[in-house]
């Protein structure tokens, strides 16, 4: 195999992670003990190296890629053809473009941070390698251009996350881990059927699929005209894919695994779950469902809007009714993910770029939120909103991070989330007019629940020098965040602001990509199919 | 010479009796006997076929099938004994530690 | 109480800032190039103060030499002020390259393409950039903002750092303070509606943080949340308005939009209906930010913040953001310059909202006893004046009464200036009062710090302070005069213009305008009453509490800003009026011109138009004569025997005792008074509606999610388990049953095979 | 035509090795210094059978070592044959091709693993003492028990070799009767093996039930075969195939005959509703034997089913086989039943038994897809490839799971899930291997269980996805127009999702619960190596070159079957 950079990025964490877990079992006892002690340092080193590589790729030191020049359909840093199971058309094919690269970079950023935040995790000699494996699996999803491999990595992410929840989770972790695994797996097997139907319709390419005559090559699939001739089947496959992706995102009504998983997961797990794993759904939806079935996407725009609206609006309302901090943050993820569907539904380059940026921005912000919630759990042993008051006095750093994260998440300008929100909503107005009031007004609800939760935890103790502490502390002195939590949150906070003030760092490539995406794929489809548009003229008629 | 169809008919009856007997009786020995009946109904068919087609293979099949039946009974009795030594019953109804 | 301390040496580190402009000039910078420093320096100082403060908290050097960050903040604001002044002078007297409206772009924020309705991608990418836009209005508000930020920061070093409750927390205050300043400067300088909105939101955040500065106070936390959420409602509408604008013009840059607002991005004429909605939504945002009816409820509560915050954010600067936004609507409606006709209703709506708010706020201010609350309602009322004026201006612009429009517009903007200066000062003065009363109270009750029954902000605990606090009383007097509109003093020039133009519109052109016209005229008189009432209650009469006798004006850093602003309020308004600032602000003429003393006076008091003259004199009568006299009858009175005020104010004190005394106990017990005490039940009603709709609905949603959506999943789960048990029961353990099942299966196979084929 | 010289024994090397193994095993323990006096003389000639045994052969481990050597040899011989593609006919009743050799490989590998597992499961005592008169009754009976125990070694491994012999020959036979006889040889031996679990009192019961139900099923099968004989007069598979394809209407003899044989083979593979005795048998048998039943025995059943359904009654292209609906329905019922029953099973062996039932359902669904007659030759080959692939790798992870249970069985903890509790803490490597097996059973990528499931679903999609109306414009019209086979794919994936619950529960117990018994598991070094090897191959065969080559082998096998 040609050692190309994306392959290294994907496989090195998995292999080293596995090694770090397995080696102590095989080595003699003394060596094993020594190895266990430095395992987390090694893991961190590798994670940082991966981040360095990703950053160098971005700057152009590695691969010499001009990211803003990448159009849709072009992939850079591709590897040489290497077939894994050539008789059924599976090959190791990796590549990056503006859709996947921000996610790749984000993953490589979040991994060391989540390791750092849980630097003193119990049984760290397994914990940190597991996160490394997680990194490899996540990166694999984003880099692979072969649907088989894509699916393999897609499911592979479940296993380390399952173990993370199971071994380091909260009280009800058994239920949560099972629910998480089974729920998302169930959804993704529907997606698998969709993939297989697509596979069935591919035309052979030489050297691949000697046994079946088909292949899993995503690039070739998207190049093939009219991959599935039957329109009904096309829509059916689109829906099957949507089931898989929407559950991962997650979109209402298939979202209930998320709060449970988040509440029970360890902090690092939550961070990765919210930061990257949810994005896999949106990424896959754009990469596969929308790219290959543009016409179905356009026909189902009302469905997308419904799902997006349901997630966004309903999710926000549910958030308001939560009493558990982490649950609330989890539902807020549901709510924000709704915006991605809305962005895609606009069928505007701006909207799609906004959705991409939303994926990225939420990937920076939500880990911060979960790190904060995790710190609450860690230091105050409770997540009940209202069980404590005025802890800003005891934990100024924690409160500061909470404030920053909460504000970023409610869409305050100069923070990453705002850019995406504005872009999506502008595009939404252009496509659907007054319907935009619904998501816009939801922003008020978002602000309400965030502020209320903040007010009821870090404010309002009635005494400047003493907070009202939760019973779960049992009279212990409350602590502020540890240095590693603090550092992790700081880094996330700084990135939140950097990408809020200078969004063009990643925006430009997303924008160029979306434009080309629209030109190449969507416009033809839009000319063939009636594009849905809401009849909202009556509002202005009424007021005339 | 008897028409082979009569033999087949007898075979069907025997098979029916055997099959009914297998789930009618509790005693494992009786069930074993019923199984013998079913095997023998097959033997009758082989015989009938051999007669009808004038094919010597049928006779051979019958002979081998009888041997199989014998082996089956031998093994069966051994297993039943083994069960009897632990559970002190050979009633298929009562031997139900393993269930659900 | 110790000696009056001077701490000027602490400012020495800041002296190099004076060299900033010369250095930059030497380096070849234009003033407009340096504009970004106005924003970025505070932005950089914000984390600096926060981090250093967090690290060196409780450090003595940090506390005493750096005032817990106050000096740093002051330095940042000094830089901003210096550069703002540089830009101002450059604009007024500089080279020709600095034209009427100047703009510069720093960097491209986001770039993107568009899909047009004919399914083609727009040829050129659109850009949302970041830059500077400078014209007269910008300059005026930038000056106001930088100047007041600087002064109030100065004031804070006295007010905040001497209060033990703030100890070790002040770095947070100063950090948020400079962040706020950054937001304000940015908003004023922004060259597009989007960036205006962005900085607008930053200000909202800082307002939230600063109102909740005393985070442990339940009322403060509540007020902070209320302020943020209420303005957020407006902001959301504003945002939608921006989307519509974007849709119309394909950009949000002032340069692009104002170039020709009548044609949209497609080249077609702009649909006035759509534009109307856009501007109306923008106005909703302004209503929220500037605390106008019906989104006014947050402002009085916002007084929970430290007094400098009230002075800066909730009186002088942030609340002006809404006005600034409405002022930016002028090019849309100015049919003289490519405006879009058919937007008259917008002006009427704005004027109406303004009128209603002005009247309502003034009414409520009648009964407030908290000195800051009075000022808060007064702020609301005065802002409403400006809204009315702007509404009238917009109406005039749109109906092609160019000259009247310019006067209304200029007067409104001028009122903004006057009000900001006066109100900033009033708040600082009230802060001074509160601070000293509080100190005095602590001084008396040293043993018992926790005496919560004493409210240092309650005017019923004051009285007769004129003798104790000469500087403060003077400042407050001039500030109140400016707000009331006492002839020749600041606010008079602008307020009179607004009222006159509103009446002009009402009488001569648009009957509906009579409503705001009457309302603001009445408000003028009411303003006279409640401002005088406040002053008299605080400074005149006998001390109502023992504490007053122990009050001294002794805190450093407090007097200087008061003095400066007193001068500006007393003379500055008149001076600017002489320079015909009203026309300057409405972009009628390029530079300030001296109009002449007599001309100005004549124009103000004896306008040629009979109606205007009548209205003008009625205003003067109501606000200057009737209102204050009634107030004096109720609350005025001589000072306590043996105490004496300085000459500048003693005349007023003694005058206040000359009109006799009126007992208002019956009125204050009336139902109407009670309604006013309860702020006309707006807050209660909102609270009630929210508690009956929003919260139950949220709980319902949570319940629905838990029991229905997740319940289905749980049902599937439990049903699977129970059916699993059922299935397992079929395996009875009896070999007979197994055989039976096999036989049944066998037979069903045959039935299936033969039944199907 | 038939002469002995035609029979090329080189094609039967694996089987010959097994026969030699049986003989060896009978002989070796009996070698002794016995002499026989030549009649009429006084010279005694040593015959080496009987008498006082030599100490070298007195080692009670000998039978298991012989069995291991035998199976290893025949495994490698099969492998060599597979590599060399040694094919040919033996007489008219047997044929050796890639298919049969591959299955020999499957059977021998499963048996090899059984032998390795039992090597530790029934440890004989070295140097047993012979009871003396002076012994008390109890000590004498203890000594006798040890002797008997050692004695059983031989019985056990002979039966094991018999099973191997029967299975290998069965897969090679082209004559239905021979097929059945070999099947009986294997089955009867396996009944005894199930009952061999003497450590617990349930062995006998399990053996009895399995034997009774199995015998009824075989009796039904033999009766069905006799009907086929009546119909055709010849039980050569070729002859049956040609008669079947020329048959105009479905002959009742033929139809009923095939149907009855399906019952017999359905019992072997554990298809509902003939599967009811399987969970009992699995839970009653010792774990290695249960593993054998779940892998080799099931593979044997599927070979038979494939020979009957896919060769004799193979549907013509475009014509639905007459058994299609029946098999489709059975497959759906089987997988659903299996999964639902496994959902709450508390006995790990029962759980695995039900999971094995569910897997049978998936495979039957694939067979049903062929029966639909929608696919062409290529797609049928693809489905059979998937089946063969699945049966092959099942030996790895299904048997692997049973091997782990074998390790636990020494502690007597396999009757409920408690034994698995806290396994990670006691023995992390084994626990991780077990987790891998479970995930592979559930079909989680990148493990081999996923690849096989994917191939089966793909086979089904392959034949059915093209059937929907091309002109359908909406989802509903397409859904109503598509062939029912397509929904089999959906039922498979939904069932896999359900199955995940109980597979993961094992993980949950291992990772989460406190162990019931502390301390590491028994050492059993070869067993451990086998388990780890199984786990590694489960991983390697999921994706990459190794799975590619196995797929190619399976594909060749499938082609040689059709």
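A, B, C and D are the chain letters, set down in written order, and residue numbers restart from 1 in every chain.
The definition used in the following text is that a contact is a pair of C-beta atoms (placed from the backbone, for glycine too) under 8 Å apart; a residue touches a chain by one contact, two chains touch by 3 or more.
On a predicted model such as this, the values are computed, not experimentally measured, just so you know.
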item	value
Mutual neighbours - chains that touch subunit C and subunit D alike	A, B
Most remote chain, CA-based centroid, reference being subunit D	C
Centroid spacing, where centroids are CA-atom means, of subunit A and subunit C in whole angstrom	38
Centre-to-centre distance between subunit D and subunit A (centres being mean Cα positions), rounded to whole Å	44
Separation of subunit B from subunit C, taking each centre as the mean of its C-alpha atoms, in whole Å	99
Computed distance of Cα centres, subunit B from subunit A, in Å	64
Sites on subunit D at which at least two other chains make contact	208-209, 212, 216, 220, 279-280, 501
Multi-chain contact residues (two or more partners), subunit C	728, 731, 733, 735, 737, 739
Chains touching one another, given as label pairs in label order	A-C, A-D, B-C, B-D, C-D
Contact footprint of subunit B on subunit C as seen in their complex	728-729, 731-737, 739-740, 743
Footprint of subunit C on subunit B - complex, ascending	19, 22-26, 31, 92-93, 95-100
Of subunit B, residues touching subunit D in the complex	4, 8, 11, 15, 18-19, 22, 28, 31-32, 35, 38-39, 41-46, 48-49, 52-53, 55, 57-58, 61, 64-65, 68, 71-72, 75-76, 78-80, 82-87, 90, 92, 95-99
Contacting residues of subunit A [partner subunit D, same complex]	22, 25, 83-88, 90, 148, 151-152, 154-156, 158-159, 162-163, 166-167, 173-174, 177-178, 181-182, 185-186, 189-190, 192-193, 196-197, 199-201, 211-213, 229-233, 235-236, 239
Subunit B-facing residues of subunit D, complex	177, 181, 184, 188, 191-192, 195, 198, 201-209, 211-212, 215-216, 218-220, 222-223, 225-227, 229-230, 233-235, 279-280, 283-284
